[in-house]
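Take a look at the structures below.
In the two complexes below, chain A is the common chain; its partner is chain B in one and chain C in the other.
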Partner chain A sequence: MTKPRLGIFSLTGCAGDQLQILNMEDELLNLVARFHIVDFQEGSSHKESGPIDIAFVEGSVSTETDLRHLKEIRERSSVLIAFGNCATDGCVQAMRNGETTLAQRLKDVYGVEPDYYDALESKPIREYVKVDFSIPGCPVEKDEVVKAITSLLHGDSPLGYSYPVCVECKLHEYPCVIVEDNKPCLGPVVRAGCEARCPGLGLDCIGCRGPVEDGSNFAAELQMLLDKGYTEEFIMNRLRIFSGELPEDFLGGAK
Partner chain B sequence: MLINILEKENLVEFFEAMQSYGEVVAPVRATDNAHRFQPVKGIDELDLDYTRTMIPPKKYFIQPKETLFTFNKEKEKYLEPPSIDKSMVLLGVHACDINAMNLLARVFMEELPDKYYLERRKNSVIVGVSCTPDEKCFCKSTGTDYAQEGFELFLHDIGDKYLVRVGSLKGHNIVKDHSELFAAPEKGDLDAFKEAEKTRLSSFTIEIEMSGLQDHLDMSYDDPLWAEYAEKCLGCGSCNLVCPRCRCYDVQDYINLDMNTGERVRMWYSCMLKDHGLVAGGHNFRPTSMERLRNRINCKGSLREEMPNCVGCGRCTVFCPADIDFVEILQKVRGDIK
Partner chain C sequence: MTKTIKIEELTRVEGHGGIEVTLDGDKVKDVKFNVFEGPRFFESLIKTVHYEKIPDITRRICAICTASHSLASIGAIENAFKVKPTPQTNTLRDLLIHGETIESHALHVYMLALPDFLGFPDAFSMASEHLDAVKMALNLKKAGNQIHNTLSGREVHGMNERVGGFSKVPSQQELLDIRTSMEEVMPVAELAVKLLADVVPPKHNVSENLLLALDSGERFGYMGDHILTSAGERVHETEYEKLTNEQVIKHSYAKFSNYKGKTFMVGALPRLHLNGDKLEGKAYELYKQHKELIDRNNTISNNFCQAIELVHDVERCIMDVDELLSNGLDDEDLVEFDVYESRGINAIEAPRGILYHDYSFDDQGRITKANIITPTAQNAANIEKDVRVIAGNLSGSSDETIKHAIEVMARAYDPCISCSVHLTRLK
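Coming up: the complex of A and B.
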């Protein structure tokens, strides 16, 4: 049997998600043995052209170059996976989207008028191409990556986390930092999959895996935290650090 | 004897005797609001005078998340985890939780026998303990404030002694094998028990009228109250996951990168989560949070073995991050409050 052709690509981001793959030391040999790797910048300078069975794309679209690169990857790939929060949600570089224009931000930060940088407003990749599956996280969780890969090798579509961090807090019997300590925890509206690592240490969730898009109620979360005395600015800033470009209907309320 | 007396000064010896039946798990203070059942090595670690744990003791029979078995395709073998036949003593379980487990026992031991649940219950000793209700307890309303079965021994605090009821043959043998720890009750002990029960029963501050509740729920199907609460509900699933009587779970198979070995995992699940009602073909029976919330309250308020699917422990209210009050919803359903 020929091995599936795998490409691992970076757009604008810190490349921490590619690094997570290299960090999968116990699985790495098994992983490279299963695939024909056509592109993996952080692992090797070897690159091949031609079709790709599975493409992992990390980073957000923040330049025209990113956009051309992404469209080319999409054309070459059967399955395209948004890999890490920059790709799935835009992450930190998208947290000011909608507040001021890109031109204004360039001026405020760099003091320049013209667009020297071929910059675009940072967006998650779903804004430009069809995404077959998302693996969120800043960075991604190794265990989730392995599970997604084995599902694909097995011919199944991977299972994501459709439920919030609260579920994992309860499964681990971690005391609720909202109920016990009135902390501004984003756990009720943020994707699980981290095994509630932060609440397990008594820390409130800051949302590094992005929003549960379907089925959570951000309007209620916002109201709950406002009632506890936190400001809307604080809550929105916290949410948008990792959730950058929020899905349109996310802020809308109960669904 | 079905009624015995255990002097509190014999509690250390009693605890040591219980250790001979397996690892003792008991309530230990975890936070301001909650205790936690966990393994204890000595009587000084546990706190029998507690109100509630966040996660109910059912976690020892159907675990929050567990590997049911691992498999090896090539060798056509599967292997169950070794923990399934571990002996255990659950010390200090409240009546509401025992009654909740009595329902789970019907589901997991009789209707659809689950070998994990069966083995673990068979290998365990349950020792109940009496309690004093707080302002969120309403087990008297649900008829689950007193345990008639589903335990080996039940300790009722009557001052400097426990009145110990025997609830099973295993419990009878425990008393017989450690007869030096127990005494026959005297008239004063029985009087003290009756007084303690009176005090307990008069301590409840909230109640729900259960009479005809199912019909009231049916009649409230289109009531705007469901949408009102759904607006406040985070949809986080906490209410189900702390419920001693919820029994929904999800099962997933994971294969390792060798594409040969793997495991089957079961975890508790919640009907408040969106994909609980999702079926093959993409249809969702309860696509909105309003429908999910209404469904949960209807499930809790419906009868099962002549008892509601709720034991009145108050956990879903206490541990709701959005402060949704279960009793308040049912009082609105009945029209007791607006």
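Coming up: the complex of A and C.
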């Protein structure tokens, strides 16, 4: 059997999702042996042109260069996977989208006019190309990546998580940090798959896996935080960290 | 005749950057380290955010040195509000930063740099001839990540280290497991020194370097509040702007630094040059034995210095665990404190060199102004200087030879380009 041609690409971000692949110390050599790797900038100097069976793309589109690169990858690839929160939702660099302008940020940080650089407002990749699957997380969870790759090698679609972090938190029988400590936990509205790491350490979930698809808890979460005395600015800043480009109703009532 | 030699994109480095050099005959006309990693504007994004979640955002500047960013960020907040962490917290933080350096240096030395010297495009193909070494290297990296997992909550972008302490103090058994792993990987750290000691670094990039590192105090390490320079100065961290002098450069989203008009280097080479005599144990012996390989004017010796640091890191982690266990672990709460209008600055030695976080807060503890300066941003101008030297010395050679020499040199800095792109002041 010929090995599937795999490309691992990154746009603007911290490169933490590629790093999670390098962090699979026990599986890495076996994993690499299953594929013909055509591009892995952080791990190898070897590059090939031509078609790609599976492309993992991390990072958000933040420059014209990113956009050109993304479009080239899409044209070459049969299956394109948005890999990590930057690619799926825009992540922290998109947290002020719709609130401050790109021109303001360029002025703030670099003291230059908008035409000085080729920067674009940071966006998740689905804004520009068709995405076949998404693996969320900041960073992606290694177990989920191994499962997704296994599914793909068998010609199946990877499975996502349709329930919120609260479900995993309850299964672990962690004390609820909202009820016990009045912490502004986002567990009720954020996608599971992390085994509720933060509540397990006594911390409130900050939402690094993005919002759960079923939005039925959104309004109640917002009301609960307001009832606990958190200000609208505080709540908005918290919700925005990983959600610059999220569904309207996630930020909904706070606007 | 004028020609331009272009490395479109550096590989086996973190982030996106390329290098361009223009030659007129044997004269170097122009050099550019192009940083085209997109801008991320962290200093602007965090405005109005309450201090408590600042480290969770700013640590996402970088994946490889995520704990360095979180600890620099926590330190700046603690300096602003005069928070005094407990001795146990300080030792746990020391363990965390050393664990991070193991993970980062193991990745760089074995998987990114060594293939250059053994003639492979990557560690995966290197594994075909050196499978045991690659497997050992992965174990060393994993041992560093074990410290991230235990103390921080996961390998990348953890959450357990907080302002005022650790949300959950690790158990005695978890610390003993770290100790066991460290003993197991000690030979791998020593092997890195042995492998790189056999490599004769090229001389075509030798040129005068100014080196900067934190004064680590009595022992070698990655914390301290003064900066030492190889010109003999000692500057407090709160006066860092005198040292960094950042400028906006058209071809780069990273601002470039210079000190008194000179480019400078931060990283393992400066640390060993300025603090090496404070090393302990085997690391000190190896440092003494190979001192001639630590050439302040050859930045490629940074690879070898990272290998020496790997030995130091593994030994130090064992010492830190022993200290924590002999003092008895206390399941202590986070230190409580008041917030008020204030500014806090903190410097730390990230794996790639000095990292600064500088925040101003209003009386509610919300950010009003921020400045973050990363090691690669400080090194960018020095990398351009080295490119100029290499291109000048090799101007008669083929383009491929020049390109390869430049790539090997740039990689030796272990550049973290993602980190470099969002550094500077919110006006």
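Note that in this section the second predicted complex is superposed on the first by the 243 of 255 C-alpha atoms of A that agree within 3 Å, B and C clash if a C-alpha of one lies under 4 Å from a C-alpha of the other, contacts with A are read in each partner's own complex, and residues count from 1 in each chain.
One rule holds in what follows: contacts are C-beta pairs under 8 Å (C-beta built on N, C-alpha and C of every residue); 3 or more make two chains touch, one makes a residue touch a chain.
What you see is a predicted model; the values in this text were computed from it and never measured.
Model built by superposing both complexes on chain A: chain B and chain C fit together without a clash.
By the touch criterion defined above, A:Ile206 reaches chain C but does not reach chain B. By the touch criterion stated above, A:Cys198 is placed in contact with chain C alone, chain B being left untouched. A count of residues in chain A touched by chain B and by chain C gives the higher number to C. Shared-chain residue A:Arg34: touches chain B; no touch with chain C.
By the touch criterion stated above, A:Lys147 is placed in contact with chain B alone, chain C being left untouched.
In the superposition on chain A, A:Asn217 makes contact with chain B only, while chain C stays out of contact range.
Looking at the shared chain after the overlay, A:Asp108 reaches chain C, while chain B stays out of its contact range.
Residue contacts after overlaying the shared chain place A:Ser78 against neither chain B nor chain C.
Of all C-alpha pairs linking chain B and chain C after the chain A fit, the shortest spans 16 Å. Residues 10-17, 19-20, 22-23, 25-26, 28-29, 32, 37, 40-47, 60, 62-63, 65-66, 91-93, 95-96, 100, 104-112, 116-117, 119-120, 122, 138-139, 197-198, 201-203, 206, 208, 233-234, 237-238, 241 of chain A are the ones touching chain C in the complex. Chain contact summary for the complex, chain B toward chain A: residues 30-34, 36, 54-55, 59, 64-65, 227, 230-238, 241-242, 252, 254-259, 267-268, 270, 273-275, 288-290, 318-323.
Chain contact summary for the complex, chain A toward chain B: residues 27, 30-31, 34, 146-147, 149-151, 153-154, 159, 162-164, 166-167, 169-173, 175-176, 178-180, 185, 187-189, 214-217, 219-221, 223-224, 253-255. For chain C in complex with chain A, the touching residues are 9, 11-16, 36-45, 48-50, 53, 56-57, 60-64, 66, 107, 111, 115, 121-125, 127, 134-135, 138-139, 141-142, 145, 153-157, 159-160, 162, 167-168, 248, 250, 253, 255, 418-419, 422, 424-427.
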